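Each of the two complexes below includes chain A, the first together with chain B, the second together with chain C.
Up next is the complex of A and B:
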C-alpha cells in the first residue's frame, strides 16, 4: 500500500515536472471530453434510447473528439518525434482541426 | 338419353329470372327414370321456384361440363344404388363441378353403393356400411316404420341445428320423417356442419337380418348419427348430404306422423324442411355481396392516395344479402374491420347505420385512429358465419410516416445530447485558442525542429 502511494506520487510529480504545457492542455481537454461522454452514457441508461439519433450524434461527437485529441497528443509529443519525421506539430494541429470540422458537420447533421 | 321433358318448358320460358343466384339448370341423377314418379311434389316445388330440372338415369351418358364451362348449376344425386358413374362423369368431375362453383345435393339410402360413399369421403363425410339403417324403437312412425322401426321421427326443435341462415326453426312446423342410412361428419372440418341428427335412442344397424341377436355395439348411435349435413366450400359452393332419398318423396312429404307412444297425429314437416334445405343449398338464400367499400380521412370525402400514421379515418362497407329472389340490406352486429400488416394492428366491430325504407344495402361504418406504424396495410373485413357466403374484402392502403416538417424539430428528452454536441464544438474552439495563443512554452515546436 505504501509502495503504491509512493509510486503514484512519484508519477504525479514527474508528470507535472516533465510534461510540456501543451500536452497538459490536451490532457485536460481529453478529461473534459471523457466526462461529457460518461454523463451522456449514464443519461441514456436512465432515460432510454429515444431519440436514438440524437444520442448517437451526441455520444459519437465525444468519442470522436477524444480520439482526435489522443492523435494530436501522440503526434505532438516530443518523445515521439522520431516516429513522425514528416509531421510537424503545426501539421498535426491542422489535421486535428480539419478532422474536427468534418466530425462536427456529421454530428450536426445527425442530431435533429 | 337425356329426359328433360318432365317439366313444362312453357312455364319456364315465361320466367325472367331464376330464384337461385347461380342459375336454374339442375341435373338430377336417378337409378332409373321410373323412380321420378315418387318425387312429383319435389319437382313441382322446384318448378315453382323456376328451376330447369333435367332428370337423368345413371345408365346413360351425361357430362357436367363442356369446354371447361359448367353445363349445370346444381346437381342432385338421388341414385344411391349407383355402381358406376354415368359415362362422362366421375368422382373427379363432381369435385371439379364443386370447385367451379356448382352446388350438389347427395342423398343415400340403406342400399348405398360404394360410388357415392367414396364421393362423400372427398368431403369428409362417411356413410355407414351397406344395408345398415338408422333404427329407433322409441321414436319410430307407427305407420311407415311398423315392421323394422326404421322410419324415425325427428323433432326439429331439439334435433336440428340452430342455424337461422340455413333453416330457421319456425320454417319447419312438424316433425321430420327419415328412413335411411346414417353418416358421420369429421368434427374437425369447420366447413361441414350437421343440420339434422338422430334422437338419443337411435342406433345404426344392419336392417336385413333383424332377427339375429346382436353380438357387438353399433358403431354409430344417438347424436353421433348425422341424418342431414351441409357443407360450404371455400369458393361458396354448397353441398348437402342426406341419409335418405325417401325423405324427399311424396309419401314422406305429406305423410301423417304417428309417433310411437304419441296419441296425437301430426303432419310431417319434410316438405318445408326440404324446401328450406334446397333453397340454401342451391343459393336461393344466405348469399352475401360486398356492394361498396369506402374509406377517407375524417372531414374529407374522397379516399386519399395514402394515409399518415395516427390519422383519424372512416371506413364504410356496404353488404347486401340475397334471399327470396332479391337483394336485401344485410344487418348484423358482428362485422369486424381488421387493419393488417402481417398481424392485425387494430380489430374493431363496425356499427351498422340504421336501416330505413330507402335502404337497399346494409351499411357498416366506423371511425378510428390509424396506428403509430407506417407501412402497407390491408383493411380487411373477413366475415364468415354459418349459412352465409364468405365475405373477404381486402383494401390495400399505404400509411406514411410524418414528413420531416410534421413533428417537432427538437425533443426535450434529447437536450443533454444537443448540449453535449454543442459543448464539444465550444470546447474545441476554447482548446484551439488556448493551444495557439495561450502562451504555452514553445518548446514543443523547438524540440521538434531539433
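Up next is the complex of A and C:
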C-alpha cells in the first residue's frame, strides 16, 4: 500500500512536470468527459435505462468523445511523433473534428 | 514488370488492366441475360426487388414505416424494421441519380445489373487490399482472380439481386480500410472503416464476421506483444464510431449491446483502453514503481469485472447466442433443434469437392499464400492469416459461407502466384550472378537481406545445392571444388532460361485452365435464373420452360385483389413479387408456427386441412409438381420437410413415420402409405395425373408407376395447371349451400349430375 502511495505521488509529480500544456488541456477535457459518463451511468443505475436508445446515445457519445480525444492526445504527443510520420498535429485535429461530426450526427439521430 | 520499378508504361497499364478486369468480371456474369432475359432470379431477390420498387415509388419514409399486410397473412410483416435495407437503398439511389440526369432506366434493370457492377468494384478493392500486403502486381492478380472466381460469381450473376451482391464488396473494402488504418494509425481511415462497416451492417447479416474478425485481429496483436499507438487509434475509432452507427439500422437495433456475438468487440475495446492507460503511466514512473501500480490496477479492474459480469448475467442482460449461430459451431445442432434452418440447402455443410469446383487452382495456392504471410508477418499479414483460418472453418460448415472465404483465397493465392512469378521472371541476371558468387563463398550469401523475397528464396535453394556439392567433395582442394560447383550450377541451375520458361509456361497454362474452368462453371451451374428453366431436346434445340411465370401471371390476372394463396414458404417471395397476391408464409421464415400450420394443411387429410384452410381465409392453394417433365425440386420431394416442421408444432396431427412404408421407404406409387395417399399434398400432386397418360402414368422424378385410379378431391377444385404441369393451382371450395359436408356433396355431384369439367386439359 505504501509503495502504491509513493508511486502514485511520483506519477502525479512527474505528470505535471513533463506534460506539454496542450496535452494537459486535452487531459482536462477527457476527465470532464469521463465524469459525464460516470454521472450518466449512476443515473441509469438509479432510474433505469428507459428509453434505452437515449441512454445509449448519451453514453456512447461520452465514450466516443473520450476515445477520440485520446486519439488526438496520442497523435499530438511529441513523444509519439516517430510513430505517426504522416500525421501532423493539424491533421490529427482535423481527423478529430471529422470523427466527432459523424459521431454526433449519429447520436442526434439515435436520441429519438 | 515489377511495380517497384514502375515506369510511365506501368502507370498507364495498371488502370487499363483494372478496367479490363472489371469488364471481364461484369461480362462473365451476363450469361443468364443473354440466354434468357433481364429477369430477377430465384427467391430472395424477388423480395428485395419488390421492396425496392416500393422504395422508388413511395419514397424513403414510407419504406421505413411500411407495414406489409400482403405477407404472413393474417399477421403481416413490419418490413422497415426487419430488412437489411442496404441493397434497396443503393439501387434506389442509383435509379434516382440516373433519372436526375435524364437516363430513363427501369428500376428492374438497375436491380438486375447491380451485382455485376459491384463485382467490378470488388475486384478493385481486392487490388487495394493485396497491394497493402505485397505489391501492386499481386494486387492485379488478386483482382483478376476475384473477378472471375466461381465462389463469388455464384451469388452475383446478373439478376441475382441479393444482399451478398454488394456485401462482398463491402467486406473486402472494409478490410482494406481496416488494414490501412492499422498501418498508418490514422483516425481518418478508422472513421472510414466504421462508415463502411455501417454500410455493411445495413446490407447483410454477415457483418458479424467483421464484428468479430477485427477485434480478434487487435487482440492477437496484443497477445503477440505488438501493441502500438497506431492500433489504439485505429481500433478505438473503428469500434466507438462503428458500433454507434450499426445501431442506427433498425433491424440490428440494440443487439450490439446485448448479444454475445458482439461482445468480443467490446471486450477488446476495454482491454485496449486499459493497456493504453498503462502505457501512459509507464512513461511517467520508474519501472519498479510501474510494476506495483500495475499489480494494484489489475487487482482493482478484475474485481470490478467479476462483479459486473456476475450482475449482468444474473439479471439476464446478456442474451445467449442465436440458433443460426449455434449451427455454425455444432453442425448437428440445426438438424436436431431447428428443422427450418436445416431444410435450407445453402445451410448444409460443404462437400469437399465444392472447394475445388468454386475455386479451382486457387485452393492449391491458398496455403502457399498463407505460408508467405507467415514469412512476412507484419500486422496486416496477421490479419490475413486469421481471416483465412476462420473463413475456411465457416466455409466448411455452411455452403453459403464459401462466399466469405473466396476473397481471402484470391488474395493469398495472388500473393503466392506473384511470388512465384517474381522468382522466375525477375532479376534473372542479378540472382544468377549472386548465386555464382555464393557458391564460391557459401557463407556470404545468407547475409544479403536487401534482396527481394523472391531472390532470397532462390538464394536459399542455390545455397543448398552448393552445400550438397561441398559435402560430396570434402577431401579435395579448394580450387577444383570451386570449379566443380560452378560447373554443377551451370548444369543444374533453376535459373537457366529453360527451367524458367518451363515454370512460367506451366503457370500460364494453369491460368488458362483457371479461366476456362471459371467460365465453364459460371455458364453451366450459376447462370440459371431458376424461374425460367431450359432443357434441350434430342435434336439439340432448346426448350424454354416458363411455367412459373405462366402460373403467377394467371394468379395476377384471374384472382381477386386480396386473394390469399397458400403455398410452401419457398415460393412466398416469388408469389408476392410476381403475382401480387397475399401469401401466408414466405422466405423470411420468422414465424415457425405459421410455417408449421401450412405444413399441417399439406400433410393432413382433406377434412383436417379444410379446417385449417378455412381458418386462414385461404382462397387458393399452389403447389409445384415435377412428375411430368422430371423437375426434381418439386413439392413431393420437399414434402418430408413440411412433415417434419409440422410435426415439431403439431405432433398429434402429423407423424413423420406414417409417411414411410413398413420397409422404411418414401413411396408415391401403389406402395404409398394410407397417410401419404390421403394427404392433401399427394392428392393435389397426382389429381388427374393418371388421366394424362390414359391410366399408365409414370412419375418421371421418382420413377414410379402410378396407380391407374388417381386420387379424388372434394374440398378443392382444380383452378389452373400450367403447360408442363409444373405449377398446379387449386381453388378452395366454399361451404356447401345445402349444409352437407363437401365429401358427400362431391360424391353426389359425381353420381347424379355429370358435371362437364371446365378445366383446361393438356
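By our rule, the second predicted complex is superposed on the first by the 107 of 112 C-alpha atoms of A that agree within 3 Å, B and C clash if a C-alpha of one lies under 4 Å from a C-alpha of the other, contacts with A are read in each partner's own complex, and residues count from 1 in each chain.
Keep in mind that, in the parts below, a residue touches a chain if its C-beta (ideal position, glycine included) is under 8 Å from a C-beta of that chain, and two chains touch if they have at least 3 such contacts.
What you see is a predicted model, and the numbers here were worked out from it, not measured in a lab.
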| item | value |
| --- | --- |
| Touched partner set for A:51, first chain B, second chain C, both or neither | first |
| First, second, both or neither for A:107, with chain B first and chain C second | both |
| Which superposed partner A:15 touches (first chain B, second chain C, both, neither) | second |
| Partner chain(s) touched by A:67 [first = chain B, second = chain C, both, neither] | second |
| Contacts of A:3 with chain B and chain C, given as first, second, both or neither | second |
| Interface residues of chain A shared between complexes with chain B and chain C | 57, 107 |
| Chain A-touching residues of chain C, taken from the complex the two chains share | 184-188, 190-191, 194-195, 228-230, 232-233, 236-237, 240-241, 243-245, 247-248, 254, 257, 273, 276, 281, 283-286, 289-290, 292-293, 296 |
| Residues on chain B engaged by chain A in the complex (per definition of touch) | 409-411, 413-414, 416-421, 423-425, 427-428, 431-432, 434-436, 438, 440-441, 443-445, 447-448 |
| Chain A residues within the chain C interface of the complex | 3-4, 6-8, 10-11, 14-15, 18, 52-53, 56-57, 60, 63-64, 67-68, 70-72, 74-75, 79-80, 83-84, 86-87, 92, 94-96, 98-99, 102-103, 106-107, 109-110 |
| Chain A to chain B touching residues, read off their complex | 20-23, 25-26, 29, 32-33, 36-37, 39-40, 43, 47, 50-51, 54-55, 57-59, 61-62, 65, 76, 78, 81, 88-90, 93, 97, 100, 104, 107-108, 111-112 |
